[in-house]
Amino acid sequence: MSRLVRFGVSLESGLLEQFDRLIAKRGYTSRSEALRDLIRQELVHEEWEEDREVAGTVTFLYDHHTRGLSARLTDIQHDHQDLIISTQHIHLDHHTCLEIVAVRGRASDVLKLANALRSVKGVRHGSLSMSSTGKTLL
Amino acid sequence: MSRLVRFGVSLESGLLEQFDRLIAKRGYTSRSEALRDLIRQELVHEEWEEDREVAGTVTFLYDHHTRGLSARLTDIQHDHQDLIISTQHIHLDHHTCLEIVAVRGRASDVLKLANALRSVKGVRHGSLSMSSTGKTLL
Amino acid sequence: MSRLVRFGVSLESGLLEQFDRLIAKRGYTSRSEALRDLIRQELVHEEWEEDREVAGTVTFLYDHHTRGLSARLTDIQHDHQDLIISTQHIHLDHHTCLEIVAVRGRASDVLKLANALRSVKGVRHGSLSMSSTGKTLL
Amino acid sequence: MSRLVRFGVSLESGLLEQFDRLIAKRGYTSRSEALRDLIRQELVHEEWEEDREVAGTVTFLYDHHTRGLSARLTDIQHDHQDLIISTQHIHLDHHTCLEIVAVRGRASDVLKLANALRSVKGVRHGSLSMSSTGKTLL
């Protein structure tokens, strides 16, 4: 873990008031913690834009009664084993499955995998959550 | 499952060419499947905006060596048991954990839970993936 | 104008390094200025989510040769005079117009106007830029 | 202008009902027009991702009383004359200016210009609206 560094920030008093109101509402206990989060959020953005190694989740919905669909989705995941860490499968109701795939790899490869899963016939919705391997966020 | 309905769509020839090129690149095998996905994406958006019952994933990164942090995160999750379906925990490296929480509930409640987890001191990044219970996507 | 207030922030040294690298790349000359921008960005987000008075721009593309289209777009703008400050019209090429409408009003009303303009037959693309009246950003 | 092509789309009846409800709410008069808009939206996304020639607007807020600020902002705009089509300036109140710059050029150059304007000391908020030159949207 890296050590803490302290530095001064100057802010317009009105802006600081608004910020304090906002972070109280979101449940932060200190300005430093809230600013750290804003900074990390910006850095994660940057990692994806610069096509670096990232982590994230691909979430998709499908009906497991659709013939051949589960097998097809499993095949695609096996073809991308190097990107996939693990998969969580949730039975939302009698028909609908929510499958959540934890992924790690180059941003562009992760995007391609998300598109591949999303475009399979029978998958009703796919979404991607962009996170980080955490290496640059310490 | 609901039955298939067929209807005609008219499109400018140039636009259709561009669309065909795009969906080929994304791996779709038919225009209908690609259009279905665009429509469902729009509907999922709508569900979140209208604060209906939704599903999704909250993904966050933290260092499990931070004293008391795991316990705090588990506490928050237990306080929102009604929203949480299950949690997947991944050890990204010696320090960093990626925790992926599958959630279901009113959009505004899910957003509040995501903010609560994200603002805990020591959580380095939090993100939310907006999906659906699938009920309106058939 | 409100006066400047100074306070201390503590950050992990590694995170600070990344942040310094990012803001240099974006052309900021001081950490305070970069942090102010991150904070203001978050506050503008909040204004739109809380449906407060906001400002912004609605940009849309259309072909002015489409019969009756300009008149229809002008009519809609006149029906929302209370929301519209001014309109800039650009001839992108022989066919295509880019029209940029500066708007101010309740966030939900601005969104409705943007949807109304975007859905007119012949409008090829519409987008909304969310800004602020600036009152809370000082 | 390119001619209209007609083709059939098959959709689950339940999904079509939801779609019809959504487009009625947004003010569309036909399914074709609503689908065209979803497709064009996707294509504009693609243009920005693939760093092609795009159009858009950069909107930013500032206080014109800040010494030297207007001159600095004008300088930056002149340095990017090749990207800038025209600028609209609005006096939101006694202090606050909303400046809206219509831009056209390579996506990455437009992003750089938006970042340059946003990071000037005294600019309180900057946002970018991604549109298109319209060439691929016919």
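By written order: A, B, C and D. Residues from 1 in each chain.
The definition used in the following text is that a contact is a pair of C-beta atoms (placed from the backbone, for glycine too) under 8 Å apart; a residue touches a chain by one contact, two chains touch by 3 or more.
Everything numeric here is computed off the predicted structure, so don't read it as measured data.
**Q** Moving only between chains that touch, what is the shortest number of steps from chain A to chain C?
**A** Step count on the best path from chain A to chain C: 1.
**Q** Determine, among A-B, A-C or C-D, the equivalent of interface B-D; equivalence here requires over half of the contact pairs to be the same by residue number.
**A** A-C
**Q** Same or different: do the copies chain A and chain B touch each other through matching residue numbers, with over half of them shared?
**A** Looking at both copies, the contact residues mostly coincide.
**Q** Let me have the rounded angstrom distance from the C-alpha centre of chain A over to the C-alpha centre of chain B, please.
**A** 9
**Q** Taking the mean of the C-alpha atoms as each chain's centre, how many Å separate chain A from chain D?
**A** 26
**Q** Taking each residue of chain C in turn, which ones touch at least two of the other chains?
**A** Within chain C, residues 1, 40, 137-138 contact more than one other chain.
**Q** Line, ring, star, complete or other: which describes how these chains touch one another?
**A** ring
**Q** Among the chains present, which pairs are found to touch?
**A** A-B, A-C, B-D, C-D
**Q** Which chain A residues qualify as touching chain C in the complex?
**A** 1-16, 18-19, 22, 31-32, 35-36, 38-40, 42-43, 46, 136-138
**Q** Looking at the complex, which residues from chain A come into contact with chain B?
**A** 1, 23, 26-30, 33-34, 37, 40-41, 44, 55-57, 59-61, 63, 65, 85-86, 88, 90, 92-93, 95-96, 98, 100, 102, 104, 115-116, 118-119, 121, 123-125, 127-135, 137-138
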